[in-house]
């Protein structure tokens, strides 16, 4: 197989992986610590993309857009958390599902009222609009390289935050034993709000960085939400390490499957059969991966320590 | 007498921690065999292995002549191993009577019973009421189990465990955490179970309340750091210097 | 009001509805009521595993699809006998539930939610690739299904059939949850460990509940196909599964009739709000959030609380 | 629960109103108005609205009531609302419909109730062929026609090696089949991606490896925004010219921006087309909505004009559905696209133009007409239709 193509596809898988990780990190933390299933996580991603689009267009600065997206979504996250979600931490998961499903409908429609039903324009910053020759004959979009770098940097930062800081210690403690954290004399309500804001910020960062690549439109959060849920379940709910591993796994499986599976099938089957089966199988691949992982390890790849 | 339960070389690891370390253990029919030891000695892990909630990494468990090492929890229950948990495990959002009915159902019913009403079946109801009467909960049958006092929940749980006329009872701290009144009632109840004609189940009793242990046990096994450090009749255990050093010294009142 | 009287009134209303609609010259509402009954069956079946079994499935729309395609595939080959469609749907839905349930029930909680979603998505993409049966565009059913002498393309007839199925499933469901089986299922939802220690093989009970639930939902899928004369993968999108969950939660879980209430209220809300404003989803979203925050056990719980206060 | 957008204006405006007892025209307008794909429904309705305005608020001189219904992009909801329109509201005609799967679902209740349907967008191949109906009319096109036009253009241009991509659904497969009907060169790759797939990086890497002379894709709506942006970002547009259908149009261009510059498509109409009907439409649409109309809006405008002419042709007797359908078939109206006539399957025979997206002098993006590809082009399914 063509090594240049393989390398390019590996980068594509990595890029999808780090984006999914940014989404998954927040979702898995919120679930692990607060026990909250937040289906509206995709709405925070959407909020990030729209905030970035608005501020980027207004100021002309990509970085300002990025900062505004993270700040706006974090604020929005805090607002949602304080107004509604904190009432749901002790409740049944099903109440959380109902409420956050309602929030999805609400925010999608709100975005439609504010920005209209059509996709809005966001482009890559001029400085990154070129391609880079990663190998001779293998140009790759500079912007996607930056996305990968940013994603890896954020992952590393998150690791340091959790492994080294006081907040990180509380987060780790909270994930394994909630009562212990309150016994330490920490204001658990503030910790929860902080964690939620962190997750919202990460989701918004993912949304904002996706803005120039994808179409920014109402409902853009749901496909990525589903993928993110796949990631956190495969990784093991509540585990940041698991989320990272699973995000890369899903990123690679999806990319490699889409790139090579149809061609592979064409070698094995009649062309018409391959054309019918290939795309369907490629779409199913991540779900197949999840089903296999869960069938073998129901707790996911890296189960957060229980009890 | 052939033992009812015999355990050989049982090992269970959690990562680097060896929670249960080559434990040898037997229970004779009708015997109360208590397991004591300091916190973290591996008593609860050991009980979970006996109940089939966890799988051993090595060793064998034989019950009434059958090797049950690989059987899941529900299958062991069907062979006659009943269990009460350290954290009381009743069905909190069912009424007391319904809890008891479930327990009776477990002992009489095989198959799914989709065609048979549960709460209108005289066989189930009579059995359930008899059980409740035995543990003194008859008057509370329509209360939600979750609303009962802690001691009463313990009694209900014990009643449920007894429904299937088990041959072996695994009790995880049935007395710890209850008040003096409830604690006396529970000891009396356990005495009555072991003396009930025709049943006389073997009992594995994990308990912190040493007064109760010495009152009830025929034999006592002392565990520390996953290993058995002594196993003997209560009087000798009381006198054992090693046990005193490891355990009783700090804990005995 | 005594329960029996309440049920009698509801049944009478269901019986009188077509005549009232005719009288008012609003035959359309018969079709709408049929749709409510169909989704009520699907929600009811989901409530059996969700409310009584504690198993939250985000893939229940897969069974709608199985039922719909049972009708669609037979019809496209010229077989219009509804009993054949139904039998196929029951068998296929049951088999799909059995196979996926064996794997899915190894997990619990959120993992169960996601693995059921995964299986439904696989089926969705399979249907998209079924070129012979319309793929993503779907399949129009030109020949009406027949039940003996009855023509199911007639609104009125289909309404009675749907109501009959709904009543049948409601009665079966009520019988089932009051049976020994139902007691074990609910016990396992509340305290799994205790149920195992009592000697119940709860995975078998759950699997059976999952299979029965899938079969009932497949019938709803058949009826949906009969009603729309159309079959498409859109019937089993994950959003549709989510709507079914919302119906059950909105009505109140673990009550069966709550699921019916939820289905009716959600569909009516959609209909009414969409007539008021283009941005009806904003209002619907807010209502759902408010319901989750205020009413602990859905509309059923809310109604019970109101009755209790009075 | 109806939404009455326009009630009758007083009779003063109805200059050419028939003298007989006046009926009221009820039009059911069904499209996707909610969810992520709502934008196209809006375009249709706006175009239709301009068409109604041009008839003085009275299509065919009749007091006109438009009942707007949202199909939510769910086929079963589509059937539900169409039944409501037919049974309860007793509409005379239904118009609109963005998506083929909704169109397929509502085709049966419409046909069985003999309700005339004027599609303002969806033109699925089965309805052009085997399932053709005397009550169904496409004011738009048959799905394949634009694809065929691009295929023809590349064939004429002498391009030998192309790479094809489309979403994995029937319209996508039909589209690429239509392209290949007229393009006879080598197809290096024919890739079907998941519907609503957001990221195409994996597939784009394969495109670069295949080194085609041109790339042809079909990615409507949000998919098109994603694809075209990513295609440009990957630097592919410099090496491999991008041709597409329904991918770059007035609804997606604002979000695609400069990434779409230099791409080609084919269409039955462009906003710069030189005829009186088109000029009037574009001018009034701009006045009313402040933007250049999309092809979607143009189709819907034609649907309204067609209906207006048909009702006049039927002498205002809209309650006779068979007569109304017959009148639609023979109606003469000034289409924005120039010459327009119905084929035997009630799909239009019309011209197709090559369209290039360019950056105008003032920096704005425009879609410019680059000449005729097909003259009086009929669709390829008409042979399967039993109507003569």
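We call the chains A, B, C and D, going by the order they appear; numbering starts again at 1 in every chain.
Keep this in mind: a contact is a pair of C-beta atoms (placed from the backbone, for glycine too) under 8 Å apart; a residue touches a chain by one contact, two chains touch by 3 or more.
Note that this is a predicted model, so its numbers are computed, not measured.
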item	value
Path length in the contact graph (chain B to chain D, fewest steps)	2
Chain of greatest Cα-centre distance to chain C	B
Contact-richer chain pair (by C-beta pairs counted) among A-D and B-C	A-D
Interchain centroid distance [CA atoms averaged], chain C/chain D, Å	36
Centroid spacing, where centroids are CA-atom means, of chain B and chain C in whole angstrom	43
Euclidean distance of C-alpha centroids - chain A vs chain B, Å	47
Where chain C touches two or more other chains at once, by residue number	125, 128-129, 131, 281
Residues of chain A touching at least two other chains	108-109, 112, 279-280, 283
Residue numbers of chain B (touch at least two other chains)	none
Which chain pairs touch, all of them	A-C, A-D, B-C, C-D
Touch list for chain D against partner chain C, complex	1-3, 33-35, 70, 73-76, 79-80, 83-84, 87-88, 100-101, 104-105, 107-109, 124, 126, 131, 168-171, 173, 194-195
Chain C to chain B touching residues, read off their complex	175-176, 178-184, 186-187, 190-191, 193-202, 204-205, 208
Partner chain A, residues of chain C touching it in the complex	50, 56, 103, 106-111, 114-115, 117-119, 121-122, 125-126, 128-129, 131, 238-239, 242, 245-246, 249-250, 253, 279, 281-282, 284-293, 296
Chain A to chain D touching residues, read off their complex	2, 4-5, 8-9, 12-13, 15-16, 108-109, 112, 116-124, 129-131, 139-141, 143-144, 212-220, 223-224, 254-256, 258-259, 262-263, 275, 278-280, 282-283
Touch list for chain D against partner chain A, complex	34-36, 38-39, 41-42, 168, 190-194, 196, 198-199, 201-203, 205-206, 208-209, 222-223, 225-226, 229-230, 233-235, 251-252, 254-259
